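Just passing along the structure, written as structure tokens.
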């Protein structure tokens, strides 16, 4: 594990991400995880946008989320993303989503862990064929 | 105006489309309008998916919405879409969004008009160049 | 397992649910699962909207998805939802998402399984306290 | 017009906000506008979350957007929000969305104006009754 193996990114919860329960809808967390692993990639010196331009795509093949405590509108969450494994054609990440700065509706002391998650990405080309991860990406891990 | 010039499509409001006010978020209506004009196109015998395969894209250049009364979770709305004008390179639509079947949280008598909208689409190719609408689409109007 | 234990619901993939890869974004599947379990509940004679009005909320505590094959714009998917277990305070569902009607961009023979998923819901009240499922819901399973 | 009358907020375009054309979907801009006016409110010393806690809601009654040039994945946009008018019960805002930092897929020189918009918000209470804006909000304008 290198200095590049963890990323911390803060995201303010949008009003439209919250549902009639007054909390962030469970589907809203999924883009936050994507932002987390994207920023981890950027931290290694490359971007996902550049990877796609080179003809390689990373597609989610597995997604697991455990929701522990609610996140509310205007809370600031911190997504903590780590490379956790993989192979020549796959990357695994784990995530924690913490509330680190509470909005006006969140009474709890912060920080607290709101959710934990893991994903597996597969590397493919534009024709959907499985491809090896580029060397810089495999070594960044 | 032909028999193909109006489309009525019903959509049940999703939980994730509703916000902490307990009503559909104003951004949630925008995909409903897109569904309305897409179904109007399908009614004319073609699909937007096929249009894109042929290399032509319809992009939204103007969007106006007036929100009159709230729409709630599990309501069924009817989107009424009409071709309302255009040119060789543009299509204009107008829309009404009505609540036609109330969910458990909607006390009003139905139907009622919840919103009215209009859009203008421009026809371009994959390089972003303005292109003429295909003949079948111009004549469907 | 009763006649009410499975629900099949068809959903046409929205343009805005698809991403620059030209396929439905992995987050777009999550609302489809919610629609599946909501329709399963409706099939049992009640609605989730009515449950919320009675003061009980069902919150997602666990979500697992396996993405197998891409889903594309204008495809019609069928969500097959089953009650798969639970307790006095939890409900478990399993899901399959199949492409059953292809849009213009989907070359494969249909139907095919695009994804499989499972969720666990916990029953709480508006104060966030764990509550027993109502009898009709426990017996519907 | 006071020092508080304009807000500049930067937002990185999310992958899931982009569509098969490879650009941000037109509906994705709507939450960006909401973020802009929310941050303008925060700049005046209050938050929208606190306003809602006090029992007042601001609902969108009018939304107009002109889309001029595409925004792409990983671009950073700057939303420039201004109070532009209103009454005792309404607030009007105008917006410009500029691309200020290009992602790997955006060839144009930055900054450029991608869209312009305006909204009108009405002030209501939880029963949907029209209410006067609180003094601090009327004077912040």
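By written order: A, B, C and D. Residues from 1 in each chain.
One rule holds for everything that comes next: a contact is a pair of C-beta atoms (placed from the backbone, for glycine too) under 8 Å apart; a residue touches a chain by one contact, two chains touch by 3 or more.
For clarity, every value in this text was computed on a predicted model and none was experimentally measured.
Undergrad: How short can a chain-to-chain path be from chain B to chain C, counted in steps between touching chains?
TA: 1
Undergrad: In terms of C-beta pairs in contact, which of B-D and C-D ranks higher?
TA: Of B-D and C-D, more C-beta pairs in contact link B-D.
Undergrad: Which one of the chains is farthest from chain A, going by Cα centres?
TA: The chain farthest from chain A, judged by C-alpha centres, is B.
Undergrad: Which integer distance in Å separates the CA centroid of chain C from that of chain D?
TA: 32
Undergrad: List the centre-to-centre spacing of chain B and chain D in whole Å, with centres computed as mean CA coordinates.
TA: 23
Undergrad: Can you tell me which residues of chain B touch two or more of the remaining chains?
TA: 15-16, 20-21, 27, 30-31, 34, 52, 73
Undergrad: What's the contact topology between the chains, one of line, ring, star, complete, other?
TA: complete
Undergrad: Give every residue of chain A touching chain B within the complex, in rising order.
TA: For this pair, the touching residues of chain A are 15-16, 18-22, 25, 27-28, 73.
Undergrad: Under the touch definition given earlier, write down the residues of chain D that touch chain A in their complex.
TA: Within the complex, chain D contacts chain A at residues 12, 14-16, 30-31, 34-35, 38, 47-50, 52-53, 73-74, 103-105.
Undergrad: Could you pull out which chain B residues touch chain D in their complex?
TA: Going through chain B, the ones touching chain D are 20-21, 26-27, 30-31, 34, 52, 57, 59-68, 70, 128.
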